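Pasting the structures in now, so scroll down.
Two complexes, one shared chain (subunit A), two partners (subunit B, subunit C).
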Partner chain A sequence: MKLKSALLGAAAAFALAPMAHAERGSDGEVKILYYQAVSTLNAYLSSGTKDVEAGSLVLEPLAGFDQDGNLYPRLVESIPTVENGGVAKDLTSITWKLKPGLLWSDGTPLTSADVKFSWEYCTADGGGCAQAAKYEGVKSIDTPDDLTVVVNFEAPKPYPYQPFTGGTAPILQKAQFEKCLGAAASTCTEQNSKPIGTGPFMVTDFKVNDVVTLAANPNYRDPAKPAFATVTLKGGGDALAAASAVMETGEFDYAWNTQINAEQQAQMAAGGKGKFVNAFGTLVERIEINMTDPSSALAEGERSTIKHPHPIFSDPKVRAALSMAIDRQALVDVGYGSAARPTCNLVPAPAFQASDNTGCLKQDIEGAKKLLDEAGWTDSDGDGIRDKDGKKLSILYQTSVSAVRQDFQALVKGWWNEIGVEVELKSIDPGVYFGGDAASPDTFQKFYADVEMYANNFDGTDAEPYMAQYLCNKIPGPDNQWQGENINRFCDPAYDALVKELSTTNGIEARGALVKKLNDMLTKDSNVVIPLADRGRFSAQSNALGGFVMNAWDAELWNAQDWYRVK
Partner chain B sequence: MLTYTLRRLLTAIPTLLLISLVIFLLVDLAPGSPLSEIPLTVPPEVREKMMKALGADQPVMVRYVLWLKQFFWVEPQYLIDGWFGTDFAQGAQRIISWQSKVPAFQIIGERLPQTLTVVGTAYLVGILIALPIGIYSAYRQYSWFDQAGTFFAMAGFSVPTFFTGNVLIMIFAVKLGWFPTIYDTQLRVTDWASFYKMIMQMALPVTVLALFNAAEISRYTRSSVLENLNQDYVRTARAKGMGERTVLLKHVLRNSLIPVVTVIALGMPTVFGGAIVTENIFKINGIGAALIGAIHVSDLPLIQTITFIFAVLIVLFNLIADILYGILDPRIRYD
Partner chain C sequence: MTELKLARPRSQWADVWAQFRHHKGAMAALVLLIVLMVFVLIGPLVWRTDPNFIEPNTAKMFKLRNLGPSWAHPLGTDQLGRDMLARMMFGGRISLAVGAVAMMVALFIGTTIGVLAGYFRRLDSWLMRLTDLFLALPLLPLLLVMMFLFRDAISGVLGPRLGTFILIVTAIGVTSWMQAARVVRGEVLALKEREFVLAAKSIGTPARRIILRHILTNVLSPVLVAATLGIAAAIITESVLSFLGLGFPPDFPTWGRLLFDGIDSIRTYPERIVWPGIAISLTVLAVNYIGDGLRDALDPRIRGR
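Take a look at the complex of A and B:
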């Protein structure tokens, strides 16, 4: 533990003050393992987090998020605010000033035209840009000179930092991608696999879903960085093998997303060649409660729609009882070890918008039983299952196939049985469950079950789009091909009004207070969402790798320019 | 023989077309979506646009015909262009993987070398182990060697590679640290040091696969040799006073190998197809790993292309096996 904290301290110190003796390319090769192999380095065409992560070694946004979730300038001089005049008083535009003298890795200068082009690229028709949400509400972009970018919004934007921030919205080189707009995007194989960037490394070879090799960018803005001359970014295998390659055999310096259970974590740690690093962001594993009736007795097209309120869960006491019966700490201990922590919040971080709601952390079986009694659900026939008006308290609980989720299901079922609720479990292939195919009855959007479990989070630190998912008009149903984000069909005019208020409120404190209120409305006040665990990022770092700082708000490789070899 | 071959080739065309349609429909009807790996933070409107950009919203028959055109018309043009530097294709739309936006044939080209090296070597080593074991087991039927060989074949055939593979990794890579656990596809053999590294990283996967292949082939060899040992011509040879060595290796072996050669030829497509399980365990990232990865993310164009190439290879090697049989055994002629 002492060594660990010493190393962490050293790492933190390194991140803050660049080491004087470091020299570009002096530390040889660093080997990174992503068990989900990298498919493309262009985040705009990415098919998953892994691609965004890998791309962040090469492509950079204007500003990134540090380990505390604060915006920090990467390609710009400073973060624009209303106070420093960078954000217009009426909140309809934001002006970014590029650092002078920045070069692409091919030696040409980075200009405001490249920034504007990146927006055009992602919003071009037929391009299928995966990050289009980052540019929502952008009306136009002006480039009065080579170093100034003015982003104009269609309406006042209290949070104007969505475009061009974080690993999901990097700047592409206009000269390279000019011919790849719209439908041509997917045919630009060379560009997508070897983008020219401003980041610390540049691609030397790219093998799809296998390995990416990179070399230090000779034109990187800090002449002393990066310390590593080359990067090998390998893919393949699974989380356990990835952890083993860093912690037991020492073949790799860093392995991404080594989510394994607590027992395996202890076994790997005994290998002695590395340590696990974690950081907590906003990814919350939760049970969502269906507010509509999923009964198969209803006609297709009426099941799980707002036409039929849920016969059991319309009573808030039943929902509260289900939440109270769960021992969240036990779930985390079994499933995630130090990779997660119990939570009662839908928005668990950053601190300014996280509610202080901890009431659910203590399991209360007796309290839950009492609530059900009060709600009129009693075990009248003595079979251990509560009933009311001849109807049994029996529910279907679905989730995706995953070792941890099936453990969670079994444990939760045990507690719910204890309070007299009959539970039927169902697990669905993740490709189907998360696939969103409107023809399939098993997608999480269709929600043909009483309760379901999955994890979700939001990009960056602004929770507004996330909270807006629970608006009445975002309920999935047959009329919108089941594509809404309001999964539990929650609908409360007071909630809608509050979200509207959030969309016009400026100032971090005021917005944080509103998010807290919205969070509480969904969780402790109504128990429509039952948060279980705040799942952190969890990766393995070799003892021979220095300068690594875990980050839950941006790409995990966000500070690769500061990495060095521990000798 | 020639007309027979031609006839077989011609009948293969409708068979392959039917196979391609069946594969396409199977993959398309299977549940799952190419967007299932996309984080939930991406809103539904954006997802819809992404599906559109992939062309996944088109009706299944339109996509099938497009794929046929790309596979049989566009891709060969690119192949010719690649060989002779011509420009027949003129930038026509290739078969592009939904997941990586890279042409499917480029992915196959990147994956084939490691699959051929590892699985091919394992097949070769497997044959080299299997033949002597099979022959000697038959010659000394029910001896301790035969019993041991039978045990070895049973064990090799019935213990799955995911088990032997993980056990070998656990013992020789993790505990003893002799071999690497992750296959380096970047490694080029240029000198003795890199050759040694190549041998080291191939050792475990080749062992696992060779064991599995050897088990099967040694059983075929054994039964084939056994059958021949009781033939009249063997008795004649012995009666004429030939040495056991000549009888076994010259007369019996030649005749016994005819069915074995066809079995080996029929197994060849698996060399190109890769070993899905073993490749994943040793992170070889060959064709098998590409296929299973594509299946996980419902990358239809890539699955379709790889499985169809498998189908072509299987049909092709069946034909080769038949022709070989005719060449090796003059009693069999197809005309």
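Take a look at the complex of A and C:
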């Protein structure tokens, strides 16, 4: 009780202290537009980015990711490492030290019990926690005192920073959510729409799928922040309308995910009321090559399985030629403008694990033709399509229905035709293509095509689970209901061995070096994956909003406490 | 001896044509439809540009993108530098072909069922309940399911383009024959009680001949009207399927797909959706007006007024 009143006293002193420069709540209202409206503020109950992002204004994790993908402390004093003793030598536990004196927005102190409770909440039976992956491998959590949290893992974790980091794993208040464990989680409407948090703002009103209004948190740890007194977070519309609302009419200060085409970007930017901001994460648009035979002549259950290697793509030269014929810069200019950049990497960021592989950026039609000649594919009957042993070099290229992807298909088809490859295009409804229904022939996992295009990324900055998708035992097939993640049916014992090495290596640099090697094995060495473009986050920011820093590794609203009004 | 000069007997079709010509809207529509047909059928023989041609040299391709109308590209170019005029002509061929063939399929099924139901009392209730059943089915989801189930199978046999064409035409045909069947049945019910049919029956004409010679010729006018309306509906349905991405392969332009592709640049280049939009609207409007004119012309009670 004494500690509590002491803390309260300290907080009051802070609150009353005269401000040196900025003052909390001095800049009025900031208006934010998420065209996908917010339906809950509890990140554990929604996999929707918009909900996680909106929740990050209120709820905070122990540590967040900055714009370069580095961890920085939010509610803790420092980031634990093996060197400073925060991570056990055997990598089986990590110890977080909370900053003293932190208060929830209702004035009660934040303790290690709240942190432990957040883990229990997400892993409770029947809760259907959307972020359960963040807590995978956690055996137990100890709370030796009010400010210390020890996370114990079931096995050595070379990357122990998954739990309680980033906007997807925030700390909930135990007192508020105590009755919402397990199956009761989604019935706690009041709690999920008005969570008590430690973040810069607190919810004053929440209209589901419409608008959230927030006010500055009087108990926020920095007495001078946030500069804005209220936040209005509106939903509705589409990307184009959202961009226009910031860039042309100036109704909003910031609009999330304004993915529009390059010409529209230029037109909007001419409005002069704001600017587009981008940040590049790990979302890579790529063409995946099928290493197995998708021919419809094969029996169902044998198509696109490892029983039948692909008749054309088993030759690495053909794969390399397909990659060389593509002009990635042109694709980006047509499809994404400044919302993407060309890449040759499957793991394009952050810097410590991005390979310096740029060889594919220059289109080389002649080189591609030469490679195909060397591989024995020649146009022997003069019809413009190469053939070998009476078989035509003809492939089926599928992707989902999307304006940009269909443009990509048309362009890539043009280049491949140029080097003598016949291409047939197919576009599939995204609901079916990404639906994962094992009975449908059109899912991207079944891959009943020779090549296919989509985008994928990984959560956070640790690429290990992502690289592990290409292990031999992750190949989708009828025996596992086509649920494997190794879409290409790539299988290389050397690759498997390297992934195993990665799973026991500690230290950012060493892990980064391994990821680079793995990345190169999949891309420039074998061309099994043909990366096209690194698609960034792309949002619109008003010129009247200051302090905004775009972030691809955490919620885009990660530093809302530092925002201010440009006068 | 004076020779009696008889006027040449006027044929029925001459009468119909004479009446049709009085319908100003229908005549304008007919001219318009012929112009559209010439545009899509003769056009590509004159305007020899490949609708799917993309300049493989990217530096040149970028200069060709999003051009406005010019002599080299009268309707401009699209976001990948493809000639819009060529795409409109090519797309129109597909859209009109789908409209015409799907209409014939629907008409054939509809007329057969209508005549059978109207003429043979025993079949009537069965066939009409079947018609009600089809009418009650939600059309679009049914089409989507059909496309989804059979596209691969048919494409495997006939190739993706012809396969999709046959599938779309059949799909539209078997889901839009119901109105024609109802109209024809009603007409047949009235006709079969008429004196000339009774006369034919009394001399022992078999049902098959009565239907072919006396009934079918007399239900021609409602069938023709239903046909014109069917073309319009089929063109629109094809547009909807293409619009949803379930029609032809993505590099196969139809008016519906051009419209779908244009949506993305509706603010920057509105003409991209205006051209296919106008073409679809004009065709549908023209066909409807012709149907209207035909109905008036084929009705002997209106004729001559």
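Here is the rule we use: the second predicted complex is superposed on the first by the 546 of 567 C-alpha atoms of A that agree within 3 Å, B and C clash if a C-alpha of one lies under 4 Å from a C-alpha of the other, contacts with A are read in each partner's own complex, and residues count from 1 in each chain.
Please note the rule applied: a residue touches a chain if its C-beta (ideal position, glycine included) is under 8 Å from a C-beta of that chain, and two chains touch if they have at least 3 such contacts.
As the structure is a prediction and not an experimental result, all values here were calculated from the model.
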Fit or clash - subunit C, subunit B, common subunit A: fit
Which of subunit B and subunit C A:Glu424 touches, first, second, both or neither: second
Touching partner for A:Glu29 - first (subunit B), second (subunit C), both, neither: neither
Which of subunit B and subunit C A:Glu366 touches, first, second, both or neither: neither
Touched partner set for A:Glu374, first subunit B, second subunit C, both or neither: neither
Which of subunit B and subunit C A:Asp407 touches, first, second, both or neither: second
Partner chain(s) touched by A:Asp145 [first = subunit B, second = subunit C, both, neither]: neither
Superposition-derived comparison: subunit B or subunit C, residues of subunit A touched: B
Which of subunit B and subunit C A:Gln267 touches, first, second, both or neither: second
Partner chain in contact with A:Asp383 - subunit B first, subunit C second, else both or neither: neither
Partner chain in contact with A:Ala37 - subunit B first, subunit C second, else both or neither: first
After superposition on chain A, the shortest CA separation from subunit B to subunit C (Å): 7
Intersection of the subunit A residues that touch subunit B with those that touch subunit C: 429, 432, 442
Interface residues, subunit B side, partner subunit A - complex: 31-54, 91, 93-94, 96-103, 106-107, 110-111, 173-174, 177, 180-182, 184-186, 280-281, 283-285, 289-290, 293, 296-298
Residues of subunit A that touch subunit B when the two form their complex: 33, 36-37, 39-40, 42, 45-49, 126-133, 183, 185-189, 192-193, 205, 207-211, 213, 232, 234-237, 241, 244-245, 248-249, 251-252, 429-437, 440, 442, 454, 456-459, 465, 483-485
Subunit C contact footprint on subunit A (complex, rising order): 240, 261, 263-264, 267, 296, 327, 329-330, 333-334, 363, 365, 401, 403, 406-407, 409-411, 413-415, 417-418, 424-429, 432, 441-442, 448
Complex contact set, residues of subunit C against subunit A: 52, 54-56, 58, 61-62, 65-66, 79-80, 82, 148, 152, 156, 160, 244-246, 249-251, 261, 263-265, 267-269
